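Two complexes follow with chain A in common, the first pairing it with chain B and the second with chain C.
Right, the complex of A and B next:
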């Protein structure tokens, strides 16, 4: 009985459960929009405090809460007036002296007031600390009559510390976090607050060439692991006051900072608000780069299609920002994630825009064909050989049949064998240490294929099929989508083996249905094709730049147009004629 | 978890329902190339099928030893059976693989079968059989289909499919035999508009090629007046396709030689191109070769008002001058006109002779009925008119338009 009810439960139609899902709908009237705009630009501190009160950094980071030194004094996490208390708290929080990275230096300001600085060794620039903090503070300075407490702090900030960025902070949570990120904290006797001095100076990689998104024409800069540098790389391209960078804390234990970049006035504020809502709500110990973050904030975690685009190119990020999208850059990862994206964005590269539009369009069509080949060719081959002999030209059929004559395995085993060994070679090629890894992999593939044919394990045609499929999957510019295609390929092989072309057609139908139901931050995945909207001439066919007057409709940007009425002023014709001109 | 397991079971059950039962590997199947049908001796049918043996061909693979003689790549089997399908099953008891007719390209009927009016009985099962393509080619064989198929070997290259496809394609470039598919043929069997035709295939045993003898006289021959199997040639390829078999319904009533076939195709609008050889109008002992193309579809007008149908046929041809043995300047307008006139007359005579032959045999192989039907409003009217029997009374006027477009250039000495 219970089995029956379970089966019925599976088969019968049930109303899908209603839950609130974010959708990016057409904008409401202008005044409300304005309000949302302000919403989006609300000071980040508010959100930060919200997070803290919700999760509590101390609870998580502190190993032994019962060891709190003076009860009641730091319950609220504020800096106390007594220097020795502060020192105790800091030592406790940073596990001093067990943690040998932490450096605490006690000294007397102007040979009078007690003070200490705390920093993490290796994260800071020693010159800054020696020359601009300690030397300034410890020098006797008779001309300045320094008081004590608040007055002294004012005096230090205003007159003595010749460092570019100095902030005052009373919250221990913030202080610890900033110290961990490379700042130096200065505590003064009787002050009740602390001065955070910018002194970051850790080792980082130089900006270098992109590794996965190499192009021929266009800039050759890629992101690196440093958040600040990455943000600067983008800001260098978009020199606009409305380019906003918001920093949000994400990992609750590793205190990873992630930056959200968008252009105020172009981006839809609802998207930014939704993005912030999702990031803020995350409660995990560690964010390993933006790959983890993407998985935590994407709409459909169980889909094979990537719903967030990851790029290592600042120029591409800038292009997306100008289009009205938002970018997330995590500290410690050389990639930016862009939202919202559509399926067709995955086939674009920044080269498309650098090239003339005919060439760019050609490249995109080649990539689309490559994706189709990578997805369907092995499945089609299985379907043809098992079910549809009448579709093969007779000459080919005879040579195929002759080749198959002494092969021991059925076609499906053959193709799975080769597909799996191809994936093996590919994976092994990446894991082999050294630059020769890739070359070795490809040579291995050829030799393995050749040997498999001579040994009578697989037919030569199959090797061709597998190699073309491999080429096709390499030509997909988006790494995540290429993975999706590689996995889906096996599903299509099975579909083809079970029911021939009918099976493949059914597979396409199911995949299409699933893909069309996806949304990336409220934007339907297959827009502007399904649902049909205007796309600003940049889906598969890229029209000449002066015809791409509007931003894509489906992103619902605050500012729809990206060009003036007459784009090319030198063409002495009115706007209407320019529209019809198809370039010559 | 339970849900997942049940879903998995359901999917597996659904899969087992389909269970790939239609799936066949290449090497599970014999792909039949040609089907030959004769009257049987022990039973009604003598079914002959030809298929590749799937043995490695000598040259293409790296066999290394370089065996001089390649093995037989195609083989034939014959069986006497009560029906086509019984024959297939009976054959499969001795053949280790499943017979498949998807790639059968040629269907051969023996002349004996065709003349006895049994084609319909024999073609009906083939027509209904799903595996046989409607685009396969139908031939009537002089003699026995069985004998011809024994001689059917790849002559150039080692693919029989290719040889036949190219041979048939070549037919369009010569006009010596029509291009008839199973679909055309069976449609003709049922049609009230016209009668079916088929190309004739024959074995040429080389007897017409007399190696040593009296040299030919000055008598003019066009080259097209031989009948199938009698062309004076010799060589390895014994099979030739030549001429047309004429039918009245399912009975073969006559045969056209090469020239007559060309005129037939001209009137049907199926002629594409061919080299014609004619006597030089000014020096009859020498010949002129022309490259003839049909410039447009022939214009055919049929009126069925009076007691007998009146048909006007206008054939439009273009030509190039290929060779002039006499060296007369046919480039000059006055000479060119003379040549054009002569060729028009030859074609006109040829078509008229062909029409008379068709009238005598009472078969509208020239597709005039397709134009005549336009005069009738309802199918009943048309069927009661009984075109196929009225054709022989038709009054047919033939007109040929011909112009030499390119005379070719020759440096004057």
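Right, the complex of A and C next:
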């Protein structure tokens, strides 16, 4: 029966499902944008509500019959007035005492009211807990008036807890999530709410140099695995009150927090709303950092081209934010994901902006040529040697023929053999630790290449082709795009082997068409070239800074202008003076 | 679902230009020499002027029914049955045009580049490319055309400039060819060379409005006229009259003659990229317009099944021709009578709209 239905499914026509595709159209005027800007943060409450309902924490609690409230506890996941009930719920939720990371400390506030705190060992700063929470709360303090219940909570928040950040919370879903992220929760008898005290203090790596986006001129800071630090690194660069960070929990089980950063008043609110909509709609157990999240929210997950740009540099993230884009930083990953992006953004680096515009432009052109070499050179070599001998100058053709005279393999096998060996060396070099890895890469390539030529397995020209291809792929600044190019290269080799330049042209046609159909959060992938829009003079050729007066048109930012009419006032003054002199 | 996005003015201009000017890579120039001698380079300008006049009728028709494409207009002006017939004829004409272009490409590439490769393989690869882009839709085709145009123009100009070493101004004489009357007559009759401008009427709803359609059509025709005229001029300047009639792919031949010392010679495989990609774009958009019209006249909401069927039909039809001579006969027929399909049908519709008082002006 299932076989029959499979066959029927294959043969019979079905209406395609309707997809709600997000498009960033050029429509609304600036004033409407401003209104939407104000509304941009509004959906966060709805989002949180949705997230709350997805977490499933309370579904589990309520499912257990022994946890039925005795008195005072409501069924919608709120903190009750009875401390023992709260304690029981917390113990159940955090699997205490099986879970030995959880610490629950019961005590009396000012030696009168019953209370307990709960935190995760290792994620908190013990000095804060000992000196600024427990010592303050447990000391008899007749000068501070303290009632009970809500009054006591007010008193604690206003007078006793000398910690920089405290919040009141009644929802268990939120309390559990915050405790798991390193906050300390304080429950008090008869209060009906809990105090969340900022006490995060887990070990983290120091801010260090970038590993994959190294540059010569410019800042040398990179993101680390801590979300707060990463946000601070960006904030350190953009000291603007309108730089907004919204925190969203993702992942049903691991509750990974991801921060959405954007500049209110510059970013298109539709982009932020769409981004939040996509993140909130994700229903998975675990988000393993930005890599997983990117795949879950990108427009075309089957494409080889990345539609979200991942960077480990805070300065680059800040530049994108200033350009009107939004960034997503996941807790636990040293990368920021930027949306929306175009194909040309993949060839930009921070260094382009630190260098003079001519040098930056030159570097970009070099990178584009490198990408073309990495993508097409092996395929072209195959096409040339198999189909288009007439194009090779006679002397070169003779030396090529001589080199290939005693080779046992056809060109296609020869090139695939070497390409796969090169990929092996590259992968092995990364997996082997430290200096050995680098040595393995270099020695492996040299020895293997030399040995293959000596053994008469491949021609020396091929080694040159493979080496230049490898160099080309290393010169592509975006890691994801470089991966796409590495994979596509094999397809072009096969295209070249099947039909020479015709096959490669057909491959370019199909790849190009597919790439042109891509969109990154509603923005066409090849903007501003196809479709043609105003580029902001920073696509391939980077014009001098004072000429980049507007932000790219295709992002539809709320504020299009980046600079004043006279960017370099001193030039204008000089010109004015010259005019006056001429007038005299 | 058929939900085509909008395409910009520049995309539309380059799409039309590419669709029209891809002909210069094939046998059309040598056919022209057979008809009008060495006056082809300015005969094509006469054709362009005629095509501009024809396009004005199309524009007037679209202006009378703003926001509608030509299939809807045929339905409104001529009634459902006749409108269906007119749209159907246009669709078949476009399919036939795509078939002849691919067959022409197939034969020429077999002659010059892959003499041993079977027809089914060359056509198969071609149709796969066309199919992929048809599935992706108009937006992707237009964007890709816009992206490629820089490389194509560069490749085209490089061939023209590098070929200048072989130019001989004496080949332009006699300047009037077989006579001005013949040049004028063929110039008017062969206005269908610019017939792809009808695509603007087919995709009118995806363009940016009437004002832009006029601009796109006029600029598209003029740009194509310049490109075709330049290529014909360089062809006439390169080869003596008595050999021009026998060359199947003049641009390719011109590329083979380029020789600037030992290293810069035999650059025709590089020219292959320009040739193949521009022909692919051209035939893809023509095929897609056939699929589009077909879906519209049968009120079909999903174009994908028609893309599959259309491309299978295309593949089969391309393989059906007997030899290159047959294909060239088809091309000749299309050039001579194509204007009826692209310019006369809209003219009939416009006249009917006037008579039956249909359209915006009638209600004004």
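Operating definition for what follows: the second predicted complex is superposed on the first by the 527 of 584 C-alpha atoms of A that agree within 3 Å, B and C clash if a C-alpha of one lies under 4 Å from a C-alpha of the other, contacts with A are read in each partner's own complex, and residues count from 1 in each chain.
By definition in this document, contacts are C-beta pairs under 8 Å (C-beta built on N, C-alpha and C of every residue); 3 or more make two chains touch, one makes a residue touch a chain.
Just so we're clear, the structure is a prediction, and the values are computed from it rather than from any experiment.
Engineer: Between chain B and chain C, whom does A:285 touch in the aligned arrangement: first, second, both, or neither?
Structural biologist: After superposing on A, A:285 lies clear of both chain B and chain C.
Engineer: Would you sort A:7 into first (chain B), second (chain C), both or neither based on which partner it touches?
Structural biologist: Only chain B; A:7 stays clear of chain C.
Engineer: Using the superposition on chain A described above, determine whether A:499 touches chain B (first), chain C (second), both, or neither.
Structural biologist: A:499: touches chain B and chain C.
Engineer: For A:531, select first, second, both or neither according to whether it touches chain B, chain C, the two together, or no partner.
Structural biologist: A:531 contacts chain C only, not chain B.
Engineer: In this superposed model, does chain C or chain B come into contact with more residues of chain A?
Structural biologist: For chain A, the partner with the higher number of touched residues is C.
Engineer: Touching A:385, do we find chain B (first), chain C (second), both, or neither?
Structural biologist: In the superposed model, A:385 contacts chain B only, not chain C.
Engineer: Can A:203 be said to touch chain B (first), chain C (second), both, or neither?
Structural biologist: neither
Engineer: A:394 in the overlay: touching chain B, chain C, both, or neither? Say first, second, both or neither.
Structural biologist: In the superposed model, A:394 contacts both chain B and chain C.
Engineer: Once the two structures are fitted together, what part of chain A is touched by chain B and by chain C alike?
Structural biologist: On chain A, the overlap between the chain B and chain C contacts is residues 387, 390, 394-395, 498-500.
Engineer: Could you list, by residue number, the parts of chain B that touch chain A in their complex?
Structural biologist: Those in contact with chain A are residues 2-3, 6-7, 10, 15, 18, 20, 22-27, 29, 31, 33, 52, 54-57, 100, 102-103, 105, 133, 159, 161-162.
Engineer: Looking at the complex, which residues from chain A come into contact with chain C?
Structural biologist: Within the complex, chain A contacts chain C at residues 13, 15-16, 18, 23, 384, 387-388, 390-391, 393-395, 498-506, 508-510, 512-514, 516-517, 524, 526, 529-532.
Engineer: Flag every residue of chain A that touches chain B in the complex, lowest number first.
Structural biologist: Those residues of chain A that touch chain B are 3, 6-7, 9-10, 385-387, 389-390, 394-395, 397-398, 400-402, 404-405, 407, 410-411, 497-500.
Engineer: Can you tell me which positions in chain C touch chain A when the two form their complex?
Structural biologist: Interface residues on chain C, with respect to chain A: 1, 5, 7-8, 10-11, 109, 113-114, 117, 121-122, 125-126, 128-129, 132-133, 136-137, 139-144, 146-148, 262-263, 265-270, 272-273, 276-277, 280-281, 301-302, 304-305.
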